[in-house]
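Next come the structures, one after another.
Each of the next two complexes has subunit A plus one other chain: subunit B in the first, subunit C in the second.
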Partner chain A sequence: MSYQTGKLGVAAGTGLVFVVIMPRLFLTTTSTLVAEAGQAAWIPPILAGMYGLLMLWVLFYVSSRVPGDLFAIAKTLIGSVGAWLIALLFIFFSFVNAVSLLRQLAECTLITAMPEADIHVVILFYGATVAIIVHYGIEPIARAAYLLMPFIVLGLSVSIALLTPYFDIHFLLPWQGNGLPAIFKTSLVIGGSNFEALVLVALAPAFQRIRTMKKAALFGLGGAAVIKTVFTVAYLLIFDVETGIEKTLPYYEMARLIYINRYVQRVEALLIVLWVVAGLMATAISLYIGMYFLTRLLNLPTMRPLIPAVCLIVLQLSLLPKSLSDTIQFDKIVLLTGAFGIYVLPPLLLAATFFKGRRAKKCAAE
Partner chain B sequence: MEVNSFTKIYRSVKNLLEYKPPDTPSLFVLGEEEYQEDQSPAALETRSLQNDVQELGALLRYARRLTPVMEKAADRLRGGGPEVAGINEEVRSLQKQMIELEPILLEYYGNDGVAPIRPVSASLQENTETLNVIYGLPANRDIVMRHFVVAVNPPVKAMLVYMDGISDKKLINRAVLEPLMQPQFVQHDIYDKDMVETIITRYLPNAQASPARGFQEVQGGINGGDSVLFLEGAPEAIIVETKGWEHRSVEKPTFEQSVRGSQEAFSEVLRVNTALIRSILRSSDLVTEMITIGSRSRLTCAVMYLKSVANPKLVEELKRRINGISTDFITDTAILEQFIEDAPHNIFPVSVSTERPDRVASHLVEGGVSILLDNNPFVHLVPVSLFTLFHTPEDYIFKNPYGTMMRIMRLIGAMLALLLPAMFYALSTFHPEALPTDLLLTIASARELVPFPTIGEIMLMEVSWELIREGGLRIPGVLGPTVGVVGGIILGQAAVAADIVSPITVVVISVTGLSSFAIPEYRLAVAVRIMRFFFLALAVAMGLVGVGIGVLLISVMLCNIKSFGVPYLTPVAPKTMANLDIISRGPVYRQENRPDAFNPQDISRQPHISRTWMNKKPTGKDDK
Partner chain C sequence: MRRGVMLAVLLAVSVLLGGCQGSHEPDEQAYVMAVGFDKASQPGKIKVSYQIATSGGGKGPGGGPATGPITNMTVITIDNTYPPDSRNLLKSIVALTPTMVHVKMVVVGEGLARQGIGDTIGVIKRMREYRGSMFVAVCHGSAEDFLRANKPIFAMSPAKYYELMMVSARESNYYLSSDLHAVYTRMKSFSSDAYIQLVGVNPSDLSGQPSGTPPPGQRSQEFKAGEIPRAGGNPVEYAGTAIFRGDKMVGILTTEQTRMLSLLLGNFRGGFLEVVDPLQPQQTVNVSLRLGESPKFQAEIVDGQAKVAVDVLLEGSINTIPSGVNYESAAYRPLLEAVISKTVEQSLTDTIRYMQQVHSDAAGFGHFFRGKFSTQEQLVAFNWLQDKYPRADISVHVTTILRRSELMERTAPIIE
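Presenting the complex of A and B:
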């Protein structure tokens, strides 16, 4: 079967998880976070990361008991219908996530880099790029993600370091922000963006062993959570809550402030490359996961003929939202779907594992 | 018939207007004949059988003619029968028919379509006829057939065949003809034992001489520069090594020069090249396997590896691919590579092409395999990673900080060669705010009088640069580089003076061009040149966003490439155990392992503490 995933190690797994989770940081999520949690907006990313890791550990436990990829695990534990439903959830989330990311990226490109361009052209360009990337398969994608990861981290770190003159520690106070319930609620919702981290279990046979996946999850998801937290802290330190809510593109707005001297200034244009690369990579990974489940679901021998058709559909769907604000609202629905997936699916499979195990023991005793 | 005036006028007007091609002979065109025939399996089988029937029928008719002639000859020998003159006439006629039937006979013996594999005959005349057919004699003047008599008692007729120009005539005279024709051997009797064996073991003072039973071996010997000795009465020939064609001697490297270290480069002779490698890598583990490639020109390809280090699967796969090539002629190792690599459409080289024996030796020690081809001064090393293509022998000769610094410079050069024009265009056109104001003003003022858009300027300069480079390569002798430099300076200055391009564009393209020369592997530099235009196109379309997309696509593409089973970006992606010899070049005593991605049989190059003297007391310390 041509959609077999090749061999992935810790580094490739880390890159895969990190890159698929990170792009929302460059887009609109930080403003939403600040709006929901106030001065404590930096806490939800770390909490969401912890939830995500917990859920992944649950799935790793299930994976250690039942071999195969997520579809095979679900089929063994909850039957064909259950496996179908899970696959459909993944397909739905992956495709709508790709739609949302593609549209947000296109909108951000128009705002920041190419104000006179037509959105159709930009989306077509991005869609073609994503299709080419998916065509290569997950092994090169994961390796390229690992290759790009240091540049993303370095770019963010340098921009935060260059912004230190603008930091005002008082902007973090009061530290509880909008209150603990708001923090927990927000962390649960934005945890939906971590749903794609389940790619590790979805492609479990590609990894050498469970330990490999655990390390990849820890470095990928954990690293992303730490970076998101640091970034949100920096964002709050530069813009207070009132100003922070107003910014549509937090990272771009931060980068615009950079001024060290007349030679190091207005570097936001250079940093566009960073978020475009990360965003397109995440879109490609998301599409790959969706198509992988589609291929498994329909028991197709190969994935490649699906690529142009799926990319074309996703491309057209991404043109449906009327404006950026509509896209942001759409993204919230996407995150809620992801949250449903990440918080429901692992406990469900864990319960099924225990139930199956108990029944097996009972049968053996009889 | 009378024609009326209206018809006359009509015809004259028609003659005036109608085009008539000049009455000249048509040009010679060596085209294919259009031939349609039924290609169904049944039709092919029928045709094949029909051909066989016709050929065997011809042989049968010949045999039917031969039988009465032989009977007449027998009668004549018994004392009766027709006159000898009449029989002679018939025999001559039969000989002519025999020559006509020779191809059919050769095919019957097992002709493979190109090289007959007929066995060597005991008859010298028969062997001569066979060679006439194979080499198209007497039209082909390259083949020399020297008839002589071996000075033994009783004398033996012999024939020496060799290819003029690629065999050493002095050696033939001294090591073949002289010993066999000298009268002092008259007393020797070569008829006691096997004649061929006796001559090889006792009379031929030559390093290599071997018997050949078939004409395929004979052809291999003659085409390779050896001489073949046929003896009357012996159903075997003797191949005597007399190779000796004009070739370059071992010279200094042309493309991989170094200030220090070895100054030897490969030449066109395969055996000289293998010897150069062996002279550096003096190991009994070093294996050289020979594979013959090509059905028309059978060139020898050598696969060299260290038996106890190289991964046997890699060696097997490489040999499988080389053996699996079905073509008539391969002229270059680079062409051979295109036959055996996984993705020939990929523009990045998946092997190192080197002319330095020391580099080959280093690669073999790391567990790699080298491919050599006869008549080719470049040896290909596989497998490789992209980072290997940035290495040069000098990195190892000088101390490690210099090696690391030079590698970083080459990488910067590659990045500039790839991205500089695209970045310049994107920044100056799409994102001028990212440039310092002074620089922006300088660019704007320089471009003020230029009548073209920035991309027009860049393309003008890029095309000019490529033309100068290509022209410099094609102009013979020392004029080439001179014309290149002079052309570059004059063209650049004149273009700026004429306000066709701005000075900043000239600077950008010049730096880009110079940077591409910093890439040590020529084929990689070519790939970077091509990719530069791809990046430029993306930058024109979407500015820095386009450049970002290009970076992303090229990253995924490079991650997808494999060099004979080894990922191209190893040990970075996938991450494998590095050996302090990727971008930074660590101290030699700390390079303990061979590249992990090669999966060598023996991963360790040296122990953790390779400088064992460090653990011992210095000389003279005991005295104190």
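Presenting the complex of A and C:
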């Protein structure tokens, strides 16, 4: 069956998790974060990363007790209906996430690089690219994601280093920003963007060992959280809160500011390529996860015939929001869905594991 | 086979992308090097001037280096318009496609700056062709006059001219390089105000007069752009700073006051200062100074009153001692250091008082109170700019250490 995942190691798992949760950094999320948490906007990404790791560790524990992928685990612990609901949640989130990413990427392409292009053509091009990527399956995607990682890290690090002349340390004060409740609330919502990190458990058999998954989670999700935090700190140091909340594309605005001398300036064109590639990879991974669950749910022998149909539907759905502003609002709903998934699913399965274990002991005693 | 099909599909799709259709050859574009905004004759509208370079910018006949003033720049002014609309109208005037991506300088006329630049800057910050790293200047007069009079005398491209003027600002600190990003960020800040370099057109007939009275002990004269007594060279000059409250210009700092501002901002890289000779007051001593370390600010709130203590350390070297007094020696050096400290201290105090008087915290004293609060709500309620800053108690202490005396160890008297 073509949806069989093959074998994935620590590097591929790390790349997969890192690339699927990073692209929002290149979109509007950072300015939304600043609007919600103020000067403390750098705290939610690290808190969200910690919550995400905690939830993954819960799932790893469950996975160590019940073999199989997430669908099989859910079926064993909470029955077919529960497994169906979980699969539906994954399918829903993955597809709406892909819809949101695709539209935002297309809009950003128009704003930054090709103002005269037709959005339909750009989305069609991106949709076709995503379909081709998904066609190759998760193993090549994961390896390509791992290869992409150093470029993302390097691109961000160099940009931030070149922007140090603009830093003003006072912009991080008052340190609590909009207050502690706002920080925690924002970190919970932003945690929704880490939902796709559950791909590690969703495809558990591919990783063979729990240890492999743990390492991939730590480097992938942990690394992404650290980079998001560093990026948000740099963003605040440059723009302060009042102008930081205004930006549609924080990373692009930062890259446009780079001016070292007459010869090192206008470097954003190089970086646009980076975030478009990362965004398309993330969209492809998201679509793959959705289709994987769809295939498992319907017990289909192969995923490939679904690819053109699903891509076409996603592509058309992505054209539904009337404006970029509507898309950003839609993305907030997507993140809330992800937050629901990442905070509800692992505790639910953990409770089911304990309940099942206790019942098994009781039955054995009787 | 499959790969071939995929490649064909990708190529076919990429051809449809608008990037290629929207491309323009370099010689089909009108490169705007500077944009000027002035008050228009009709209220609510503005006058926009575009300084456009032709594609052979900075080149002489036959493509070789130019030898005289650059003449391949033209200025087009459109009155009673709005920034985006003026762009459309510009297309009706030039055959080439106007492009703003190479704009180096945005000049705002003093009239418009005093009226408020929020709308103008806000509009261009939203447009992708303008970027935060573009330089901004306020013209002591009209921006249109500045752009028309600007004839760089040394052969170079207009872009290089503007960049060099900005990069070399640190040589004297009589004007401060300011960019769109910093101006916009400070305009919206709760704890600081914007400052923009002042430019002007000089009549070049030696008629310029100094501005204000220098503090006791200071012999250097103070000027504003357009008022330096000189003849020859490019008619335009950069001197002083326009300071803002919100988006409105509320005052002008002279060249020396601009230096004081740069000391407070911690970006004073160096410059000459002429002070009275402590032992022979009729004589003048010239020293070059620079910041020994970043200035230290101690902010506190006592009974609702904001207090700031500023500590400035200056390092310097002696350049000329016409009196022949041996200020290089340990016995006399402290006398000169004390005079310099006192002079700079007085100058700093006067500059701060002036900025407080016009309600402009261009030095960003408010930043040092941000750490006193836990949340943004508390910071906003503190109401620094409107309430606390104008009546804040700001004191300055300057220490000067003359570390060297250039290439002369001691001064021998001239035998008459």
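Going forward, the second predicted complex is superposed on the first by the 366 of 366 C-alpha atoms of A that agree within 3 Å, B and C clash if a C-alpha of one lies under 4 Å from a C-alpha of the other, contacts with A are read in each partner's own complex, and residues count from 1 in each chain.
Assume a residue touches a chain if its C-beta (ideal position, glycine included) is under 8 Å from a C-beta of that chain, and two chains touch if they have at least 3 such contacts.
Bear in mind the structure is a predicted one, so any value in this text is a computation, not a measurement.
Student: Quick one: is A:Lys362 in contact with subunit B, with subunit C, with both, or with neither? Answer first, second, both or neither.
Tutor: neither
Student: Return first, second, both or neither, reflecting whether A:Asp168 touches subunit B, subunit C, both chains, or no partner chain.
Tutor: In the superposition, A:Asp168 touches subunit C alone.
Student: For A:Phe125, select first, second, both or neither according to whether it touches subunit B, subunit C, the two together, or no partner.
Tutor: Both: A:Phe125 reaches subunit B and subunit C.
Student: One more residue to check, A:Tyr136. First (subunit B), second (subunit C), both or neither?
Tutor: It touches subunit B, and subunit C stays clear.
Student: Scan A:Lys322 for contacts with subunit B and subunit C and give back first, second, both or neither.
Tutor: So A:Lys322 meets neither subunit B nor subunit C here.
Student: On the A-aligned overlay, A:Arg209 touches which partner chain: subunit B = first, subunit C = second, or both, or neither?
Tutor: Touch partners of A:Arg209: none, neither subunit B nor subunit C.
Student: Now for A:Ala144: first (subunit B), second (subunit C), both, or neither, which partner does it touch?
Tutor: In the superposition, A:Ala144 contacts subunit B only.
Student: Applying the touch criterion given at the start, work out whether A:Gln176 contacts subunit B, subunit C, both or neither, answering first, second, both or neither.
Tutor: second
Student: So, A:Ile111: does it touch subunit B (first), subunit C (second), both, or neither?
Tutor: Touch partner of A:Ile111: subunit C, not subunit B.
Student: After overlaying the two complexes on chain A, where does the subunit B footprint on subunit A coincide with the subunit C footprint?
Tutor: 113-114, 117, 122, 125, 129, 132, 262, 265
Student: Enumerate the contact residues on subunit A facing subunit B in the complex.
Tutor: Checking each residue of subunit A against subunit B gives 7, 9-12, 109, 113-114, 117, 122, 125-126, 129, 132-133, 136-137, 139-141, 143-144, 146-148, 262-263, 265-270, 272-274, 276-277, 280-281.
Student: Subunit A touches which residues of subunit C in the complex?
Tutor: 6, 9-10, 13-14, 16-19, 21-22, 128, 131-133, 160, 163, 167, 179, 181, 184-185, 188-191, 364, 367-368, 370-371, 373-379
Student: Name, in rising order, each residue of subunit B that touches subunit A in their complex.
Tutor: Residues in contact with subunit A: 427, 430-431, 433-434, 436-438, 541-545, 547-549, 551-553, 555-560, 567, 569, 572-575.
Student: Which stretch or stretches of subunit A touch subunit C in the complex?
Tutor: By the definition above, subunit A touches subunit C via 38-39, 111-118, 121-122, 124-125, 128-129, 132, 166, 168, 170, 173-179, 238-243, 253, 256-259, 261-262, 265.
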